[in-house]
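Each of the two complexes below includes chain A, the first together with chain B, the second together with chain C.
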Partner chain A sequence: MSTSGKRGMLGLALVIPSFLILFVVVILPILYAVRESLIDQNSGEFGLGNYIRLFTDPAMRKNITYTLNVTIVSTLLSLLISYSMAVYLRFSTSWMARWINRLYFVPMFVPGVIATYGLITLYGNHGWMVRLLLLLGIDSFPKIIYDYNGLVLANLWFNIPFATMLLSSALAAVPNSVIESARDAGANIWQLFFRFILPLSYKTMWVAITFIFMGIIGSFTAPFLIGANSPQVLGVAMQQVFSNYQETHTSSAMAVFMFLLCSVMGYFYIRTMGKDADV
Partner chain B sequence: MVQAQRKMQTQVGTAEQGDTEAQLSIRNLSKIFKTGDGVTDISLDVQPGEMVTLLGPSGCGKTTVLRSIGGFLEPDSGDILIRGRSVLNLPPEKRPTAMVFQSYNLWPHMTVQDNLAFGLKIRKRKKVEIERSVTEALELVQLSGAARKYPGELSGGQQQRVALARALLLQPDVLLLDEPFSALDAKLRMEMREELREIQTKTGMTMVFVTHDQEEALSISDRIVVMHAGKIEQLSTPQDIYDRPGSLFVASFIGRINLMRSISDGQHIAVGSKVVQQDGSTSIPAGACTLAVRPEDLYLTGEPDSLEGTIRQVMVLGHYAEVSIHCEQEHLKMFVPREQAAELHSGQAVKVGFHKFTAFSEVSS
Partner chain C sequence: MNWYFRSLGARRIVEFVLLVVFVIFFLGPLLNLLILAVSGKWQYPAALPQSWSLEWWQFVLSQDDVLESISLSFLIATVVTVCSIIVCIPAAYAFARIAFPLSRWFLFSFLLTHAFPKMGLYVSIAVLFYKFGLMNTFLGIVLIHMVNTLMFMTWIPSSAFRSVHRAQEESARDAGAGPLRVFWKITLPMAFPGIMVASIFTFLSSLDEAQGTLLVGIPDFKTMPIIMYSIIADYPNTTGAVFSVILTLPTVILLVAARRFVSADVLAGGFQVK
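Up next is the complex of A and B:
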């Protein structure tokens, strides 16, 4: 009893520092933000006033749908592109695949601000693309920077490398032997993909979706630099409400709302992981 | 062996005009990996309903041959025909072969039931039919209770049996088995061998079986291909391979054998004080040679022309005893019936004789 009691104490002692850090750095701020968000910005009373305004104010509603739109579209596009790329890298032995394999993660080493300015230089109104097309005699160029398209483009730039890396490692874990025996049984390329490769990597796909989604929904730098003035993504809108209008409580409500959105993703993520642990 | 040799010769020439068309025909297959290992000049005809075993030590190229047949390796040269049609440019999924892989290769995300049913499903079999076939196959490999389990929940031997059932269900023209019983215990292995033989006689399925277990090869094969360092060392019936090993390698690899250094003068071979007459079929040139005699072909004797030695050990193994004899600088092993063994003890001087032997010239091999 005494030894097991001692061991229990030791275990507790080992956990306490990390728990304290977690408490101070994560849990406390969340609780603080929740409390702040419940104090009405206008009346100073305790209640759901901030939230009600968040979902009734037309501009804010627009921001929310816009954010969800950008996030979901960017997430799905990133996933689609990185999954295709990962599959290609996993099964192709061409020199092209080898080069892509060496280069695809380079964007991860470019700081966000620099990358964003890079996009502006490339795709802006007077950017290289426009001038290049002009040389070729084409003078109509879609508006990319300061628009929805530009945001999606930036999100792709920031998320594809990481997602590809994640999915590549998942696909690397699909053994060749499984593919071989599937082909031996007569599976054609589609059956191979949908019955073997996809089921054996969808778990990591959820991880990728979760991380991309969370990264994009809370993104600030790129939307701040190349987003439109209206509507805005929540991150930028929140900054404005906080700094320009100095409405701490409203911005807290927005933060809590974003946190809830991410929690939903987190819930699905944990559920998927848990399900596989059961099997 | 003579017959087998004739067969091999025909393959090199015009194999097409055989009396029966071979189910599987491998012609001068070569596959050398970048590392320099691989197989060279493999030629083999497997008749319909025949079970041919590739036998050889680890790394001799058995799996390489099998994977080439299955379509997982592209040969450097040579041809592979199934029912007279070259399959060389068919991908694995189009080849009429099914393989039991050395590492089982079950699909971890599917239950045993689904593992077995998959091949039938994509062949568009009826649902009830699939259900029935799968149940039958599971019974066959004694795993009826495992249908709902995942491969990760099975032992190695169980997984191996599922892999066998999965391949059998595909009813291929040629079934390729890569050491399919290696993970089973002795009793189950025996049962599975019998089961496999039974399936074969029942269905007439053609099988190429890989093993490094010579006992297994001897017991289930119609013919054995002994491989060594990427080449075919001998191709013949089990009986023939056992009785007339074609090379020193085969002699020492198949079964237990006593090897004795000896000297040939062209007509006679002298081993210690015993001189034996060479028979007509094997002519060993003058010089050093090796005599190979099976333990069961040695006997204790009073004959004058025999080997003199002393017993070192008598080991009773069931109904017979294994006797080790130190005999003119050689260690010999022989079997004697148990009653006779009772009269033997270590240190005892004995005389050993033999009639059946195989001689290998050291010059040629």
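Up next is the complex of A and C:
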């Protein structure tokens, strides 16, 4: 066998153990869920019955649009805020920027249940925020917890730090000389952003969008504790269909549907990453 | 020059407002829990507790299942981290340094752990575990925790290995060091920050995992987050806050201890597979 062939074998041998675990705990269960989803919940026959019901049942359709709405709005808002934060952190040298730089990634490491619990006690009915605003003489407060707003808020809390981290690292790679020469040539801040910063960090932006989208669409903990009873996001609806109604086939179809949406994002992600490898 | 100072002042004010919004939004929920945990009486509409007290700490720490859950969680998280390191680091190295068939296909397959909704995945895993007799076993819990850690543990160290300059490895080889020695003395130390960050991620995500544990570990494996769910449901707010602080403590300690290693670049590199 040639040397490169031997190296190749070595590479495969090193990867196989982790891939085997991946196969057992992820790939097999996914295949199983796909098969389950194709067995009609009512008739027990093989077919697309569960999926058809998913898109024709009015309550379920509401859940789907609601989930997409929450996911897309949260993703775009997270991205917008993270970009502003990353740009600010990249170009500001003040002590405040240094503090934000030190603190912003703390939420990434805080357990989800705890953070959600903290958000509920802070923004809830009679929560700390209401009390503090009362001190300032403001006694009207929008409903946040158990509502659409709370869900988006929680998603922002969980995803902005992650996206900011990705984008800051990409912006750190933008050379100062590029920015300075553009400034010297008279570019204003918007031109600077759209002509230089955005194109240079475009790939990272896609990475951020992909992971934020995947994280939000199937999320369970935060919407379970914060969300409204109806309509529900799909993650929570799926759990209820499974444990309250014991409709395994329907809940599998819901999971596979979310998986397909994520796969579209994953496809673009891999394509963006793939382009880089060819260069 | 007057306009300059005025604009500087405005900028400072805007920055300060930003900082305040940032602190309230991201740290407010945590600060609120911290205050709640040491409050005795805190009735609406008082902005701060009427009385301070540690009585709930005594209550929480005197519960047997709470103490057990803490040691169980740490045991599981340690085992998960060690297993993930043993299984994933060789793969990470292979992805970074060795050209082998289908390598990119293998590399991207780890994205699957994040593409399928967790709840659906756990349910399917539970069905499989039931067939294999892995329900309510330690091994089952470790495996289901590894669902969340495989990708971090492979991608982040892989990017760290890739950023080690080949020239350095080659010069060590030229000096007569064998491949294993080069790995131990040159490559591994240089990739250490990435491995460290991935391990912290792994440890914390295992400590934090609730849904999978709940499905697979019932009824014997009550980890900290699972106790937390029942505390939120059954006890007054203060108890939940106390337990939240206990559950967040390892995170804070680990982050402070590993502050040197946790940087945006190391983490971000892991998500941008090359």
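The rule we apply is simple: the second predicted complex is superposed on the first by the 247 of 279 C-alpha atoms of A that agree within 3 Å, B and C clash if a C-alpha of one lies under 4 Å from a C-alpha of the other, contacts with A are read in each partner's own complex, and residues count from 1 in each chain.
The rule we apply is simple: contacts are C-beta pairs under 8 Å (C-beta built on N, C-alpha and C of every residue); 3 or more make two chains touch, one makes a residue touch a chain.
Everything quoted here is computed from the prediction, not taken from an experiment.
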Chain C versus chain B, contacts on chain A by residue
C
Looking at A:Ser177, would you say it contacts chain B, chain C, both, or neither? Reply first, second, both or neither.
first
Now for A:Ile216: first (chain B), second (chain C), both, or neither, which partner does it touch?
neither
Kindly classify A:Ala185 by the partners it touches after superposition: chain B alone (first), chain C alone (second), both, or neither?
first
Per the contact definition in the header, classify A:Ser263: touching chain B only (first), chain C only (second), both, or neither.
second
Partner chain(s) touched by A:Trp128 [first = chain B, second = chain C, both, neither]
second
Once the shared chain is lined up, is A:Pro199 touching chain B (first), chain C (second), both, or neither of them?
first
The residues of chain C that touch chain A in their complex are 12, 15-16, 18-19, 22-23, 25-30, 32-33, 35-36, 44-47, 87-88, 90-91, 93-95, 98-101, 103-104, 106, 108-121, 123-125, 127-128, 143-144, 146-147, 150, 154, 200, 204, 207-208, 210-211, 225, 228-229, 232, 237, 240-241, 244, 247-248, 251, 254-255, 262, 264-265, 267-269, 271-274
Taking the touch rule as given, give the residues of chain B at its contact with chain A in the complex, in rising order.
70-72, 91-94, 97-99, 101, 103, 105-109, 118-119, 122-123, 150, 163, 166-167, 170
For the complex, which residues does chain A have touching chain C?
4, 7-12, 14-15, 17-19, 21-22, 24-30, 32-33, 36, 88, 92, 94, 96-97, 99-100, 103-107, 109-115, 117-119, 121-122, 126-132, 134-135, 156-157, 160-161, 165-166, 168-170, 172, 203-204, 207, 211, 214-215, 217-218, 220-221, 225, 234-235, 238-239, 242, 248, 251-252, 254-256, 258-259, 262-263, 265-266, 269-270, 273-274, 276-277
Along chain A, where are the residues that touch chain B in the complex?
175, 177-178, 180-188, 191, 195-196, 199-200, 279
